[in-house]
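Below you will find the structure I want to go over with you.
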Amino acid sequence: MDEKITQRSVWEKISAKLSKRSLWMLHYCTGCGAIELPPTMTARFDMERFGINPMVTPRQADILLITGYLSVKTLKRVVLTYEQMQAPKYVVGFGSCTINGGMYWNSYSTMKSLDRYIPVETYIAGCMPRPEAIIASFNELINKIDRGEANSWKDYYNNYNFYKENQEHTFEGPIETYNDIKADAALFNIK
Amino acid sequence: MSIVSNLLLLTLLGVLLNVIFYKSEVVQKYISLIIFAILTYLSIVMYPLVGSHFEIPFLIAGQHIGFTITYLNYYFALMITGITLLTVIFSLKFIKGKEGNTHYYTVLFLKTFGMLGVILSSDLLTFFVFWEIMSWSTFALMSTGGEPAHRSAFKYFVFAVTASMILMAGVILSYSLFGSFDFAVIHGKMASLSLPMTGFLLTIFITSFSIESAVFPVHSWLPDGYSNTFTTFTAYLSGISTRIGIYGIILFLFGVFGIQTVDKLGIIGKINFRYVFGIFAALTMIVPTFTALYQHDAKKLIAWHSVGQGGYMLIGLASGSALGIAGGMFHVLNHMAYVVLIVFAIASVEYRTGTTNLNKLGGLIKKMPVSYLALLFGIIGLAGLPPMNGFVSKWFIYRALILGGYPFLAIAAVIGTLGTILSVYKLIHNMFLGQLPERYNDVKEVGFSMQLPMWILMIVVLGLGVYPGLAMGLIAKIQVSLGLAAVPYALHGIKAASGQLDMLVVSAVFIGGIAVTWIIYLLGNRRKHVGQYNNYAGGNFLNKSVAYNFNYEFYAALEHVIDPYRKKIIERTERGIASVTDAVSEYIRRIYTGMINTYGIYVVTAFVVTIIILKELI
Amino acid sequence: MNTVLWIVFLPILLFVIGTFMLGYSRKYVARIERRYGPPIQQVFYDIFKLMSKKTNISHGWMHDFAILMLLGGTLLTMYFVPVPGFHFFAQYGDMLVIMYILLIPALGMALGVGETANPNGSIGISRALMMLAGYDIPFVLTFIGFAMINHTTSMYELIQVQQAGGFAGWGLISQPLLGIAALIALQGMLGEKPFEVMVAPHEIATGPMTEMGGKFLGIMMIQHAISIVVELTIYINLFLGGAVNWFDYLLKLFILFTALISVNAVFGRFRTDDAVRFMWKIPLPLAIIGILFIIF
Amino acid sequence: MEYQKENSIIEAMQLEFPEAAFTVKKARRIEVKLPSKRLYDFAVRMQKKWGFLHLSAISCVDWINDGEFELVYHFWNYDEKVLVMAKIRIPREKGDSHFETISNLWQPAKFFERDIHEMFGIYFDGSEDMEGFILTDWTGPPPMRKDFITREYALNFFHYREYEPQWLKDMMAAGEGNE
C-alpha cells in the first residue's frame, strides 16, 4: 500500500489540514480494549482536544477502532460496519490480537491479522495499549492525514478482490452487505 | 327554465337514470360523470345571477316558497359540485368491482340534491324539506359498505333525527312568531322579538346545526360513521357534508338573526352568546385532535380531524371580528381541499394494498410517489404550515382571537394545532415512510383517473396558500352581503394597517432558502441512493425476515401523559350522558304499558284537555 | 441597496455566530468537566470535514429534498426575525408566521428521516414531536400574552414597545411569569440536555441523525447553528427588549446562551413522558397565570 | 466420623442404588459413579425425593484413551447445602454418540446439552433443539474433542503475518528464544 503519493493540489492540502482536526471515532467494542477509551476521552487525557469525538453510527464516523480480538462472527459485523462508513475512513487496530492473533494465536475461531479483511491505517501494539499509546497513535494518524498518506481506504476500493477473496475464504461464502464496492469506486471515481 | 331548477332537476334526473341502469356499472359511471360535469359548469356560470329569486308557482299555507342565489350559497354551491365531480372522477376506477356499489352513484346524486336544495332555499320550509332529504341521503351514504357501516349509520340516524326534530320545532316556532317562513321577512321582524325569546330561538337553530356539524358534545357519531363506508365517501362526507351545518350556522347567526341581535344576548360583560359558542368550538378543537393520536386506522384518524377542524371554523365565526369570520369561512374551503386530498391518498393506498391499518403499512413512498406527494401537500395544509392554504385561514383565526381579547380560545387553538401536527405526521410516517414490508413489493402507483383529482387538489391547496386573495374576494362579498365588515384582503394576503401577511413573500423567501441550500448541497460530493436494508442496525444484517417499522403506539410516551386525564374527564362525561339518556328513555318506556284500557284513558284525558283549552280561547 | 446587502450577508453572519457559539459551548462544557475541550473553531472543522466527505449515502429523493427543506425553512425563519439594523421582512409576516415557520425544519427533517427507514430515526422523530408538543404550548402562550397587551402580533412593534420602556419595559421585567415560562420552554426548543430526548446518542443512536452522513449531516449542523441563533433572538426580541446595536445583541446572546448551556452541562436527560409532563406541569401553569394577570 | 451429614445422605441413596459407588470428596461434596442406564431414575429421585432441586451444570470430559465420554451432572441441595456430582461414562463413537435428555426435569438442561452437543458432538435424544449454540456458522468438527488439534486447524485455516524483524533474528541467533 505504499504507492507513490501523487502530487497534491493546493486545495487538497488545505482540506487535509482542516479535516485532520475533526475525526469522529466509532469504537466498535469487540474486545477488551474498549475499556481503555473512557479514560482517553475524559478529564485526564481528553482526546477531544484533538477534535476526536465518540460517534455512535458508522454513517457519521471516520475512525473505526477495532479494540481487541475478532471472532469470525464479529468479523462479519465489522466488515458490514466498515462498508457502511463514509470514505475517507481509517481503521485503527488495537492491541496484538488484531496484529497477529495475540494470545488467541492458536484459537480456531478468531482471525489472526486484521488487514487481510479490511485496510488498516495504524496498529497500536500492546495487550491493551494505555491511553497515552492511543493518543500517540491518533496523533500519528492526524499527521498522516496532514501529509496525505492516510489513503488505505482507497485500497479497499481499488483492489477489492484481495479483500473479498479473504473474506469469502474465512466466512465460507459471501456475506450480503448490499454494497457494490466496484460500482461505488466508479461512481465516486476513487483512484 | 331558471338556473336553480336546472341544477335541482338535473340531479333528480341523475338519480332516475342511475336507478334505471343499476345493473351495469359502466353506464352509471359515465352518466354521473357527465351530469356532474354539467352541474359544476352550471354552478360556476351562476355568478352573474346572484341576488335573483325564484318562486315555486303554487302557494303553501299562503306563503310563497322558493329559492334564491346569494354570494354565500354560490360559494357553497361551487364547493359542493366541485368536490362531487372530483369524487366521481376518483371513484370511476376505485369503486369498480367492489361489492355493494350498485347504488353508489344514486346515493351520491340524492345527497347532492339535498345539499343544493338546502343552500339554495330562501325560506325555512324549503330549507327544512331539503334538510330532511339531505340527512336521509347521508344515512343512506353511510350505510353502504359492509356490516359495521350499518351500525355506525344507525348511530348517525339517531343524532340526525333529533337534529331535524329540533329544527322543525324552530321552524314552527318562528312561523308562529313572525307569521312567515321567508328569511328576509324574519330578518326584518327580528328586532321586534323580546330578548329571551331570540336567545331561545337562536339556541334551537344553533344546536340543530351543531349536531349536524359535530360540535364537541354531540360529535361521537362522526368518526365511526365516516370511516366505515367506502373511502371515497369518507372523503366526500368529511369534505363537504358536515360543512352544511356550518352553512346553517353562518346563515342563521349572521344572515337571519344578524350580528347586532346576537351581540345583544350578553350575560356578564364579555361573556355573551358568541363566547359560550366559542368554548364549545374550543373543546371541539382539543379533544378530537388528541383522540386522533390514538387511532391506528387512517380513515378514523382523518374523521377525528374533520371534527377537530370543524372547531377551527366555528371558533373563527364565534370570534365575531371581520378577520375571524373571514378566517372561519375561508377555513371551510381550505379544509375541504386538503382533507379530500388526504383521503384520496389514503384511498389510493387502500386500492393498492387493501388495508388502511396504520400498523401494517409502511415504506410505500418507494412505490407510490404521487400519492405520497398528495398526502404531503394535504398534511402540510391540515397542520397549517406556511406554503399551504391551511396556514392562511388559521392565521386569520389566531389574529382574530388574540386581538379580539379571547386568550383562552387562542390557547385552545394552539393546543389543537400541536395535536394536529403530531397525529398528522404519524399518518404519513406509518403509511409512506419507514421500511417497506415484503408483501407490498409489487405495489404500483394508481392510474391516471385517480391521480387527476389529486393533482387538481394539490394545485388548489398550494394555489390558495400562496394566493389567498383568489377566494378572499368572494368571502369579502359574502361578509358585505351578510351585513358584516369586509376583511381588508389583497391578492396574496392581508394588507391591513394593524398587521400584514404576505404569503407570496413567505413562499418566495422559502424557495430562495431552498435554492441556497441546494447550492450548498451541490458543493458536497456525489451521493448514492441505497436500499432500505443497507441500514445501520447495530452491526446486524438486515433482510426481509427482519424488516421492522416503528408504527405501533407511535406516541406511547405522550399517551402515558394524557391517559389519566383522558380516562377521567372524557370517558366520565360520555358515560354520564349515556346513563342520563338511559334513565330518561327508561322512564318514557313505561308509558307504553301494552294494556288496551290504559290507552283508552290516555285518549279520554287528551280529549278533555283540548276541550278545556278551546273553551278558554273561544 | 443595503437591504440586498443584508439579505446576502445575514445568513453568513448568523452561521458564523452560531458556529462559534457551538464551539464555545463545547469548550464550556469541557471546562465544567475539568478538561481542556476542543478549540473554539472546532465546529467549523467538523462542518468542513463533513462537507468534504468523498462518499455520501441517501435513501431516496425525499431524503435529499428533506435536507433542502430543513435549511431552507431555517433561512426563511431567520429572515423574518428582526435583527438590529435589519427588519425588512418583519413587515410581511408577524410573530404567528414565525411560530409556524419554526415547524417547517422539524417537519422537513421528520420526513427525510422517515424515509431512511431506520427504526432509530423513527423513534427519534416521535420523541422530537412529543417534545415539540411539550415546549411549544407554553412558548406560544407567552407570546399570546404579549400580543394581547400591546394589541399587535408583529414582533417588530413588540420590540419598539419594550425599547420605549427602557430597562423596566423588558418583557422579562414587566411580565416575569411569562419570561420564566418561556425560558424553560426555550431550553426544550434548543434541545438542551434535560430535554435532549431527540438526539439521545446512548439510547437510539443519535435518533434522527442515525442515517445522516457526510454532507447531509454537514447541512444539518449548519442548520442547527443558525436555528440556535434564531431561537435565542426570538427570546431576546420578546423578553430582553430586542437589541439596540450589534454589541448589545451579541452580549445578550452570549449571556442567555451561557445560562442555557450551564443547565445543559450539569443535567441528565429526562425520559420523554417525564419531559412532557415537566413542560406541562411547570411552564404551562406559569404562562396561564401570567395571562390571567394580564386580563384582570 | 466428621462427615456425618454427607454419610446420612449417602445411606439414603445407597438403598436405592446399590450398584453406585459413593465417595465423600470433602465437606459437602459427594461423588457418585453409576452406570449410564440408571442416571435418569437417579435424577428423578434427586429432584423429587431427596430435595436436590438445583442442576447447576452438565459438563463433559473426553477420555480419549478409554474411548469414552464422561458426563458429570452437578446437583445442589439448598437445605443441606450439599453438591452431588453424578458421573457416568458413555461410549465415544466417532460422530454419533447418543444419550437421553433430562431437559423435561430441568429447563436449563436444554442449554447445557445443546452446548455439549456443539462442543463434543454428543446427541441428546428428546431435547428440543440441537442446532449450533455459540459457534453459529461453524462447519468444522466439534472443537472440544481431543482429536481436534486446534493449532493445526488454525495454522492452515488462518493466515499469519510473516514477521521476521532484525532484532528477533539476532535474538534467535543468540539462542535466547525458547523455540
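All chains are identified by letter, namely A, B, C and D, in their written order; residue positions are counted from 1 within each chain.
Following the convention adopted for this analysis, contacts are C-beta pairs under 8 Å (C-beta built on N, C-alpha and C of every residue); 3 or more make two chains touch, one makes a residue touch a chain.
These numbers come from a predicted model, not from an experiment.
The busiest chain interface, judged by C-beta pairs in contact, is B-C. Legend note: the chain whose CA centroid lies nearest the centroid of all displayed protein CA atoms is C. With centres defined by CA atoms alone, the chain at the far end from chain C is D. The distance from the centre of chain B to the centre of chain C, each centre being the mean of the chain's C-alpha atoms, comes to 36 Å.
With centres defined as mean CA coordinates, chain D is found 63 Å away from chain C.
For the pair chain A and chain B, the distance between mean C-alpha positions equals 60 Å.
Counting partner chains per residue, chain A shows two or more touched chains at residues 57, 59, 184, 188.
The set of chain C residues touching two or more other chains comprises 52-57, 205, 210-211, 214. Pairs of chains that satisfy the touch definition comprise A-B, A-C, A-D, B-C.
Residues 15, 18-19, 21-24, 42-44, 46, 48-49, 51, 55-57, 59-60, 62, 86-88, 184, 188, 190 of chain A touch chain C in their complex. Of all the residues in chain C, the ones that touch chain B in their complex are 11, 51-62, 64, 67-76, 79-80, 89, 91-94, 96-97, 100-101, 103-104, 107, 110-111, 114-120, 122-123, 125-127, 129-130, 132-133, 136-137, 140-141, 144-145, 147-148, 151-154, 205, 210-211, 214-216, 218-219, 222, 271-273, 276-277, 280, 288, 291, 294-295. Interface residues of chain B facing chain C in the complex, by the touch rule stated above, are 363, 365-366, 369, 372, 376, 380, 383-386, 391, 395, 398-399, 402-403, 405, 407, 410-411, 414-415, 418-419, 421-422, 425-426, 428-429, 432-436, 493, 498-502, 505-506, 509-518, 520-521, 523-530, 532, 534-538, 548-550, 554-555, 557-558, 560-561. On the chain A side of its complex with chain B, the touching residues are 28, 57-59, 76-78, 80-81, 84, 175-179, 184, 187-188. Chain A contributes residues 72-73, 99-101, 105-109, 111-113, 116, 166, 170-172 to its touches with chain D in the complex.
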